[in-house]
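The following pair of complexes shares a single chain, chain A, combined with chain B in the former and chain C in the latter.
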Partner chain A sequence: MRDNLLDVENLSMRFGGLLAIDDLSFSAKKDNITSIIGPNGAGKTTVFNCLTGFYKATSGSMFLNKDNKKLDLKKFSDFKVAQKAGVARTFQNIRLFPQMSVLENMMVAQHNKLMIASGFSILGLVNAPSFLKKEKEAIEISKYWLDIINLTNRADDNAGDLPYGDQRKLEIVRAMCINPQLLCLDEPAAGLNAKESAELNKLLLFIKNEKKTGILLIEHDMSVVMGISDHVVVLNYGKKIFEGTAKETKNSPEVIEAYLGTED
Partner chain B sequence: MNKNFFQSSIKDSLFTGIVALALFGPIVGLRTVAVNEALVVQPKWLVVGLIVLVCTVGRFLINIYTFKKEQRRGEASSIGKSITNFLDTKGAQIALGAVIFSVIFPFMPFADRYWMDIAIMMMTYIMLGWGLNIVIGLAGLLDLGYVAFYAVGAYSYALFAIHFGWSFWICLPLAGLFAGLFGILLGFPVLRLRGDYLAIVTLAFGEMIRILLLNWYDLTKGPDGLTGIPRPSFFGLPFKRYPDEGVETFHTFFGLEYSPMQRIIFLYYLILILALITNFFTIKIRKLPVGRAWEALREDEIACKSLGVNPRNTKLTAFAVGAMFGGFAGSFFATRQAFISPESFTFIESAIIVAIVVLGGMGSQTGVVLSTIFLIGLIEVFRDFESYRMVAFGGAMVLIMVFRPKGILATRKPTITMRKEK
Partner chain C sequence: MEYFLQQLINGLTLGSVYGLIAIGYTMVYGIIGMINFAHGDIFMVGAFVALISFILFALTSIALPIVLLLTLLIAMVFTACYGWTVEKLAYKPLRKSFRLAPLISALGMSIVLQNYVQAAQGARIKTLQPVIQGGFNFFEDSNFTVTLSYLQIFIVIVTIVLMAIFTLFITRTALGRAQRACEQDRTMTALMGINVDRTISMTFIIGSSLASVAGMMFVMYYGVIDFYIGFLAGIKAFTAAVLGGIGSIPGAMLGGLLIGLIETFWSGYISIEYKDIAAFSTLVIVLIFFPTGFLGKPDIEKV
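This part shows the complex of A and B:
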């Protein structure tokens, strides 16, 4: 279990009378893309919200392996999951800062290290060289990622003015700017056309292979799921009904039943 | 113009006339006059008739005008665009021109006591507008109780100066610090609130401070107010015609004739410097990580959390910094008036400052200046018309919202650009 990046054990989440997640256990490996699939309302996004601190799980535990230390994710409240544990996420409905430029979006993602570099604004107010250097580095990092998604020439445009597909990709690279251990993507291919989702696959594989960042993926687009997943977890009504490789999942009778119903 | 349209315009304007009659009939038409110690109703139907006529004809003209405008909408909006463009491209020159003008303003031939007083008042509002712009324009927190920090600044300045006899330059930062602390005090309970709820709590906070000042008689002298707040001195040189024995004054030190204008001009420069400090601070901090985090928080708080930005600290710093500048402006107010009472810190003050920020275009520093000149200037120009000046004030707001619904200057410049790097 040492090489597991994320271990979720017996996770449950209850909203009043509704058990959204029921005793869920799974793990995700480093340098792996782990997909969570399931019909609508299966509790996929709820799992993400528990992991990233937006919800407090009713019971169970979540451990993240960061620099060979086991971090209990339940101990971190909302923004600290991203700040301290390094779990980044994107959202089902894109959440960029639409009135801010693309570059500013990337800079906000590097807020915490820049805040320290700016001496909590005191060094920044007097233009301290150490701060300017760090700021330049942050711009370089932004440029590096924007080059990858071919958005460098639009860096000064408002993020809200970008085409939909570019907004999706921008949200992913913005999340990468916090240098995450684990990147949680909530339906990144939703609304993308075939060419765009092929580009998305390339980007996700790049993040996995070059950046050695574990990816947790919620997706309905099977071309994405089957094309790049190393491991698939299938949920239905908050319960895990299957776990295995993409190929195994495709042929599993339980999964087919959950999606298509039973034959009479 | 087709007949159908003509008919509907007439119908519409007649309806406007009826509404005007119903409104102005009782308000303007039936006036009570005291005759021999008795109240007599004196009808003024001629005035009512005139108002109704103006409303009806005006509405009719607007109908026709907007119909015509419909056809040349592109043209009309291009005028607004070219103004915005002009302000955008020549923004630096305009700002420089405005600063130079305000520096030489006291030496203009027309700058008499009346104009200087108006200029000082406008500068105070500009400074308050810039301070509140941090909270509303950048951080997007609708604060309707900003006057509370103005009051805290004024009262803490006055109390320090009266009881401890400290000079202006010691009391000023202390007052700012106190106001900033109150900003954090307000910030904590409202951290989770957004939008309307936040507005209501901040409004209540403003009233709480005023009522506290009104009732804590031992400290604040309640409705009597604080008197005898020391006037500011020019680095230790007082502005007095007949100084105490052995004290050198401003005019003797510089070998000038005594004139009461010297003090006014000094006050003017004082508020000008304070306002410019506020402005430069805001421009600078907007480009720092904390400033970007404020704007990001305004855009999307959940996205901020997902990127590890601490929303609590970010909001509290916005409240504290905004409140601090309110406190600075408050201490200037106290030293200028030499007398303060809770009456100076009513809700209408908050409302005016919020109006200045919103009408100027949220987050725009130049917009604050323009809308202050427009709104406060109008109130002053209409001073002779007594209560009608509030009508002018409201009219100005309506006009701005009709022609520039996002505020006078609504364009936002990115805090950091890539182009420079290439």
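This part shows the complex of A and C:
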């Protein structure tokens, strides 16, 4: 379909004798939150690792629709996933740069445009006006996002010193600084309390509605998944067992079986 | 008192040279976690390039300040190419290998560079006539005259200027920021769309060009070099980096100065024959009491 942001077709990933993803197909729409859920070991993170070039998928294809061009995500690896394809991701554990300030974390994500503006650092060293202008813009963008998550007053503190919930949110807005088409979030609500996950929901809805960025979400916290997902894909043992809206998923016998087991 | 002052001046000069080399060690360690044992030899190559360029310029009638500047630039550019090539050939292919592999490869590169220079330039020592002569004399009426030569001033000033530019580069520019990001989390840096390989190459280029400046200072200060100078100077700069806390850039500068001072005072007051022992025993003692060096951050792993 034309309006799909991401098309995953017949994706399989094999590690020796283990088929971690088995013939998985799903799509994610632009300005939609698509959740991938499933019991532990279902292959959710493996899907992300394939999408972001950490693993080379054994077979199948992944296409990203960027500016009406179909990009084959299999062809991108390493830094090009973010730079060329515009796919951003976070991990299950927090991966900020803990010894850099909050603002610097945001600026690192805007490295590529600053690098060009600074003439590969030469203009940056002499503080050329063209570079200063670009840098100021980058700071403005950072400030915009920090305002949204209420961290502007802590911009100069080390990211590692923030409370856990703030670090989670900072990771997400940092990923937004690379201007992604698709934002892949791996368990962003893990370890958050009820108030913090409500704030997270708000932030994700803002990104979806205001920034029109597609979000792919792996999550165990059902209050997050059911509260904000437009579309849910359920995996078990690497296979897709169900796909539908949040409400349909909640009532699906297959999903209940995968999570709770069957009565014998 | 006069004697002490003289040793202080000499120590600071020597310390500047060590500090410049130590930055290269500490940067590479910070970003890819390996000790670049070929760095001392990169310094040696820098000294040779500077020597050759001085000799060539001596044939022309270009004014001294321009000669100094041009030599500085030529040494930096050539040596940066060496550093870049060494990284591409010897370390990059081993990046995903086990931790010791690039270390062994570095030792190999060190031997290759030494033998290459020995084969290309001969094994005998090379000498350079003093390029900058004269200086200020203090306390001339007492029994010990303190001399602060123009060359020493030149060395210290160039070092301070380079370190200032370098500090600005690391703290202010996008590339410096990317470099610090790589030090903390390379995977995440790549996911921010930053070309990590290129950032690592830049680290080698910058480290090598600073080492080449140290090489140029060395050949001007001592006037004698051979293909083997990189070994001892390299080991001492490495000591300096560890002393200051490996991975920490201000630490490398501080460590360099300390090693220079300790070595000079030891040879001035105790024994010149055993001056190398002074630097290394300091290292042992410091590591017992400050295992992470003076400015190094302890590696705390959160469970």
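Basically, the second predicted complex is superposed on the first by the 264 of 264 C-alpha atoms of A that agree within 3 Å, B and C clash if a C-alpha of one lies under 4 Å from a C-alpha of the other, contacts with A are read in each partner's own complex, and residues count from 1 in each chain.
Here is the rule we use: contacts are C-beta pairs under 8 Å (C-beta built on N, C-alpha and C of every residue); 3 or more make two chains touch, one makes a residue touch a chain.
Predicted model, so just to flag it, every value in this text is computed and none were measured.
Trainee: Could you tell me if A:Asp156 is touching chain B, chain C, both of them or neither one (first, second, both, neither)?
Mentor: In the superposition, A:Asp156 contacts chain B only.
Trainee: If you count the residues of chain A that each partner touches, which comes out higher, chain B or chain C?
Mentor: Counting residues of chain A touched by each partner, the higher count goes to B.
Trainee: A:Gln99 contacts which: chain B (first), chain C (second), both, neither?
Mentor: After superposition on chain A, A:Gln99 lies in contact with both partners, chain B and chain C.
Trainee: Have a look at where A:Leu114 lands relative to chain B and chain C in the superposition and call it first, second, both or neither.
Mentor: Touch status of A:Leu114: both partners.
Trainee: Taking the stated contact definition, name every residue in chain A that is touched by chain B in one complex and by chain C in the other, in rising order.
Mentor: Common to the two interfaces on chain A: residues 52, 78-83, 88-89, 91, 95-100, 104, 107-109, 111-112, 114-115, 118, 120-121, 124-125, 174, 178.
Trainee: Which residues of chain A touch chain C in the complex?
Mentor: 52, 78-83, 88-89, 91, 95-100, 104, 107-109, 111-112, 114-115, 118, 120-121, 124-125, 174, 178
Trainee: Please output the residues of chain B touching chain A within their complex, sorted ascending.
Mentor: These residues of chain B touch chain A: 281, 284-285, 288-290, 292-293, 295-296, 299-300, 302-311, 317, 412, 414-419, 421.
Trainee: Note which residues of chain A are touching chain B in the complex, please.
Mentor: So the residues of chain A in touch with chain B come to 52-54, 78-84, 88-91, 95-101, 103-104, 107-109, 111-112, 114-115, 117-118, 120-121, 124-125, 135, 139, 143, 152, 155-156, 174-175, 177-178.
Trainee: So in the complex, which bits of chain C are touching chain A?
Mentor: Chain C reaches chain A through residues 165, 168-169, 172-178, 180-181, 184-185, 187-196, 297.
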